Structure formats: C-alpha cells, structure tokens
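Next up is a structure, given as structure tokens.
Going by the order they are written in, the chains are A, B, C and D; count residues from 1 in each one.
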Amino acid sequence: MGVNLRGTMFALRRFVPFAIFWIILTSNDPGAWLPGLIAAGAATALSLHLLPASRATHVNFRSLASLAPGFLWRSVLGGIDVAWRAFHPRTPLRPTWIRYQVRLPAGGPRVSLGSELSLMPGTLGAGEDGDVMYIHCLDSNQPVLEAIVSEEERIARAIGFDLGGARD
Amino acid sequence: MAPAFSALTLFDVVLCVLIIGVALCSSSVRDLFAATVLLIIYGVFVAIAWVRLGAVDVALAEAAIGAGLTGVLLIGAVARLKITESPAAAVSRWQFAAKVIPASLGLLIASGLAYLVLTVEWRETLQAPVLANLPDTGVLNPVTAVLLNYRAYDTLLETSVLFAALIASWCTTHDDLWGERAGLRQHTRRAGILATFGRFLPPIGLIVGIHIFWAGADKWGGAFQAGTIFAAVWILAIMAGVIDAPNATGRSIRSFAVAGPMFFTFVALTGVLAQSFLIIPVMVAKPLTLAIEACLTLSIAATLMLLVLGAPRRSA
Amino acid sequence: MSVIVTATTILLLLIGVAFFLAGSMGLLRFPDVHARLHALTKADNLGLGFITLALLPQAADVWIASKLVMIWLLTMLAAATVSQLIARSALHEEDVKQEPGP
Amino acid sequence: MIEAYFFAATVLLMTVAVCLVRVLRGPTRADRMMGAQLAATAGVAILALISPAGSPAMLDVALVLALLGAFAAVAFVKAATIDGAGDPEEESQ
C-alpha cells in the first residue's frame, strides 16, 4: 500500500506538469480536456518507462522556481559578456580548459549543471569523463571556478543533495 | 489603404531571395556535409515561407520533415560515405554533364510552372465546393478533409508507397543480419548527456505530437505531421541508447507499419457494400476518419523511424 | 500607458535582435569551435528570450503568452544540452591536456 | 507593431544569411553544424515574430521547430563517433 501510494505520488508529480503543458498547447479548450487526459497519461507512462522515479529524479519544484531568477540573471550576464567580445574589434579571448571534479549525482543534475554553465558568462560544458567535467572557458582571467562551485551548490540544494557526503 | 512597400513585403522579398540563395549554395557546394546543413537551413526557410502563405499544415510538415527528420537521415548518410570531397582535378566532361542536365531540366520545369501560374485565369478554384461539403466529411480542417475524404485515393496510395519503401529498405538487409535490430547497435555513456536528453525529451514530444494529431481534425496538423514528430522522438530515444531499435521480424512493429494502409483499405472495401469503393458514409464519417487518421499516424511514425534507421548492419 | 508598452516592446525587440546579431558575429569572428559555441549558445537563446518578452504584451491571451514562454524554454533546453554534445564531439585530447586543471 | 515585428524578423533572416559563410567555410563539421543550430533558433524567433500577423496555429510551427531543431545535431555527434553509433562522451581521452 505504502509503495503504491508513493508510486502514485511519483506519477502525479509528472502527470500534473504534462497536463499543464497540454492545457497551454490547446489554449485551455474544454473540448480538448479528454484527449489531454490521454496525452498527459501517455506522456507520464512513457516518462516513467524511460526515466524511472528515484531519489535522483525527485525535484523540488519550489526550490527549482527559487533558482530561476538568479539563473536567468546570470544567463543575461553571459549573453552580454559574449556579445561584448563578439563586437569588440579585437575579440578579446583567452580560452582555457578546466577539468572539474563534479560532486553531483550522474544524469539530470549533472546535465543541468552543464547546461546552466553553457548559458552563464564565460563557461561551456563539454561533457564528462568519469567524474571529471570538461569546461571550456572563454577568458582565463574570469573567476570561473568560483562560479562553477556555487552553481553546483545551488543545484545540490534544489534537489536536496548533500555534496559533502557524495565523495569519499 | 496599405502602403505599397511595407515591412511585410520586405520580409517576404528577403525570404524569397534567401530560399533561392540557400538552394543554389546547397546544390553547388562541394563539401557534402555543408550541402546537408544548407538543406536543413533551407527547410527552416521553406517552413517560414509556408507560414507566410497561410498554409500552416504544410509548414508543420516541412518543419518536422525538412528541418528535423531529413537532417537526421542525410547526416547519417553522409557519415557512411567515406569520400566526402571529390578531388578538384577530376572534373571530367561527364561530371559536368551530370550537373548541367538536371539543372536545365529543373529550370525548364520551374519556368513551365511559372508560366502556367502567371497566365492561368483563376476564375474558379475548388475552394468553395470543398468548404460547402465539409460537414459531410466529419472533420473541420479542409486539408484533412481533402486528404482523407475527397482525395482519399491519393493518401491511400501514398501510404502504400511509404510501406513499399520500407519493404525495399528491408530487402537490402544482408542475409546473415536478417532478424537483427534496425540500423547499427547504438551505445551511449550511462547517464551521460545524450542518454539524459533521450530520457527527458520524448514525453514532451509525445504530447506535442498528440496535440498536432488532435488539432489535425478540426484546425491544423494531422496524421503526417504527428507521425513525423513521433518518429523523430522515437529515433532520439533509440539514438540515445534508452530503448532498443525494433527488428523487422518483430510482430508488433510489423502491425504498426501495416495498420494504416490496411485499415484504410478495409474501409475502402466496406464502402463497396454501402455505395462504392472508398466511400466514407456521412453518418460514421467523424469516428471513421479519426480512426483512419490514428492508424495512419502509427504507421507513418513506425515506417519513417525504420526508414531513417535503415536495414540492420554491423559496425565496421 | 500604451505608449510605454509600445516603447518597451520596441526596446525589447531591439535587444533581442542585437543578441542574435552578436551570436552571428561570434560565429563568424571567434577563432575556434568552442569559442563559437559560446557565442551561439548564450547569445541566441538570450535573443530568443528577449523577443519572447517583447511579444508577451501583444499576445492575445494568457495561454498564447504561456505558449511563447514554453517555446523559448524548450529551445533553450534543447540548445544548451546539444551544445554540450557538440562541444564534447569537437574536443580532442591535446586541448584538455595543456591545462593541469584544479 | 506588426511592422516592427516584421522588421525584426527581416534582420533575423539576415543574421542567418550571414552565418551561411561559416557553413560554407567550416573548417570542421562542428562549425558547419552550428549554422543549422543557429538557423533553428532564429527560425523559432522569426515564426514567433510573424505569428501575430496570422493565426495562433503558426506558433505550433515554432513549437515543432523548437522540439526538432536540435535533432540533426544529435545525429551529427553520433555520426562523428568512431563506429557511427556511439556517444562522444564514451570515448576515453
């Protein structure tokens, strides 16, 4: 029973966003609610098949929403930074690579870290090798390492993951 | 009323110039990979052009096929060709002819069409009768009505052609590989970027596809567009190593591929009992059309997916 | 009031287009694959974001507005993920070995 | 306002046109691929900008492009691996 209830909760946590997505797609047409039920149900089933619910996929939407403004602001800074360099007559770049020991669990969290870094000023995620993430930096003078560490900590907090205990 | 030269006209002119420019670049560039990328960009531009012409159904198909699936197919094809650049010195007379003949044929057809379009007097089009008889078809989207009712012949034959293409592609399978999974055996890093992407995006694509299918009955979209979207996310999940590619001997994938043409043919034949071949009675038009559309969507999705993956092969 | 809305829309449009221009400039002017990827990923998605913002006040209803935001988020998600794959695909041994890293 | 949208959309078309230089010149395939990525993102923006002049259906074209625009790049990174079916992340350094 307890397992069933947890399973239902996991399914609902995916069903609701999918249903909202459907309602937005159809401009909340009441005639589309029935196919919407089927669509969101099918998407939930597919999603649970491809990505079974577990601790690592358990995302707290409220803390995720609290991340959004800061992330958007940093991506604006990232855009301005790269635009300035692109328009500058001498394109000031001092490219370098960083090999970063990731502490986040593999899968979604690490991919989001890479994606967010790719939108932030001066960093570009380039995948991993073991637990080492390759990060390309546009300018070696920028304080990128601090930015990477704090971004990783923010994501860890959002998914309720303890970074300290992750490594031996 | 409207100014002679507005931003809308400017946009349309620039778009037309770019479409022709990209088409010329794509067909004349020597590097095959560049030509493929240019063709993808061409697909994006053409989708925009269809939107500007008000043909949203066609634009959806072009966006899904031209900018999406064709890119996947052609990039895979280019990767299999070992020689990508022909040496500059080896331009023989025959190679030159091989370029000139299709180019002049294309020019001839294009100018013939342009002559027809510009000289024909458009006194009466089929638009009025199509709209007048729309209630009898069971759907409100005139494009779907034409495809599944007025010109059902065309659509039935088209889906059969698609199915025939699939069989032809299966025929190229090497004997000892028959019964293996379609295409190469895909492998990815566990929980890597590609695998995560392939687990996350398909459900979203499924909802978008169902939306396009559902809207196809009454507004825009339809079986072909939705089927292409399903095929694309299916291929993504396979390329990401999340699910296995099906094999041609599998019973479920075969019934998927054949469902559309078979159900369509069944309806066409039962029409004979009522009135004549391929007649959809008005009373059951809506459920029947939707059922045909659903079966066609499944078949198109499965067939396109299998065609893009290709016959089973072993990595060298 | 509507003057302010119009002015804001035009300003946002200009910013959005400017970011797209920056993306193209970066793609043309930056010296190597990875630097160009920076320009493409950051500038273009931000440009699309500003254009989405510019379109929001003109949207017919809240659903159309939400759909615009969805389209932007979907593009950004796909582009940011795929840019990592392209970056990795273009990564060669000698690139990373030159820097000891932290 | 529609006029302003179309002006913006025209400039975006030009930015894609400028990038054709990168597609033609390369030098690597990844460079050329980026041209397609840019065209997809700009295409989404253009479709969003010209949709107020037509029907909301046009936004669905933008949605499909947003969903599928990145797929060609996925096919590209897969094709660029050693056996053509791998994952760039797998290949050990």
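The rule we apply is simple: contacts are C-beta pairs under 8 Å (C-beta built on N, C-alpha and C of every residue); 3 or more make two chains touch, one makes a residue touch a chain.
Just so it is clear, the structure is predicted and the values come from calculations on it, not from any experiment.
Chains that count as touching both chain A and chain B, per the definition above, are C, D. Legend note: the chain whose CA centroid lies nearest the centroid of all displayed protein CA atoms is D. In terms of their C-alpha centroids, the spacing between chain A and chain D amounts to 21 Å. As a whole-number value, the distance joining the C-alpha centres of chain B and chain C reads 28 Å. A straight line joining the Cα centres of chain C and chain D is 11 Å long.
A separation of 16 Å divides the Cα centre of chain A from that of chain C. Shown for chain D are the residues in touch with two or more other chains, namely 4-5, 16, 33, 35, 40, 42, 56, 60, 63, 67, 69, 74, 76-77, 80, 88-89, 93.
Counting only residues that touch two or more partner chains, chain B has 189, 192-197, 201, 204, 208, 211, 215. Those residues of chain A in touch with two or more other chains are numbered 21, 25, 27, 111, 114, 127-128. Taken as a graph of touching chains, this assembly is fully connected, with contact between every pair of chains. Residues of chain D that touch chain C in their complex: 1, 4-5, 8, 11-12, 15-16, 18-19, 21-22, 28, 30-31, 33-35, 37-38, 40-42, 44-45, 48-49, 52, 56, 59, 62-63, 66-67, 69-70, 73-74, 76-77, 80-81, 88-89, 93.
Of all the residues in chain C, the ones that touch chain A in their complex are 18-19, 22-23, 25-26, 29-32, 34-35, 37-39, 41-43, 45-47, 49, 61, 63-64, 66-67, 70, 76-77, 80-81, 83-85, 87-88, 91, 95-96, 98-99, 101-102. Residue ranges of chain B in contact with chain A, taken from their complex: 189-193, 195-200, 202-204, 206-208, 210-211, 214-215, 237, 242-243. Residues of chain D that touch chain B in their complex: 2-7, 9-10, 13-14, 16-17, 20, 23-24, 26, 29, 32-33, 35-36, 39-40, 42-43, 46-47, 50-51, 53-55, 57-58, 60-61, 63-65, 67-69, 71-72, 74-80, 83-90.
By the touch criterion given at the top, residues 74, 78, 81-82, 84-85, 88 of chain C touch chain B in their complex.
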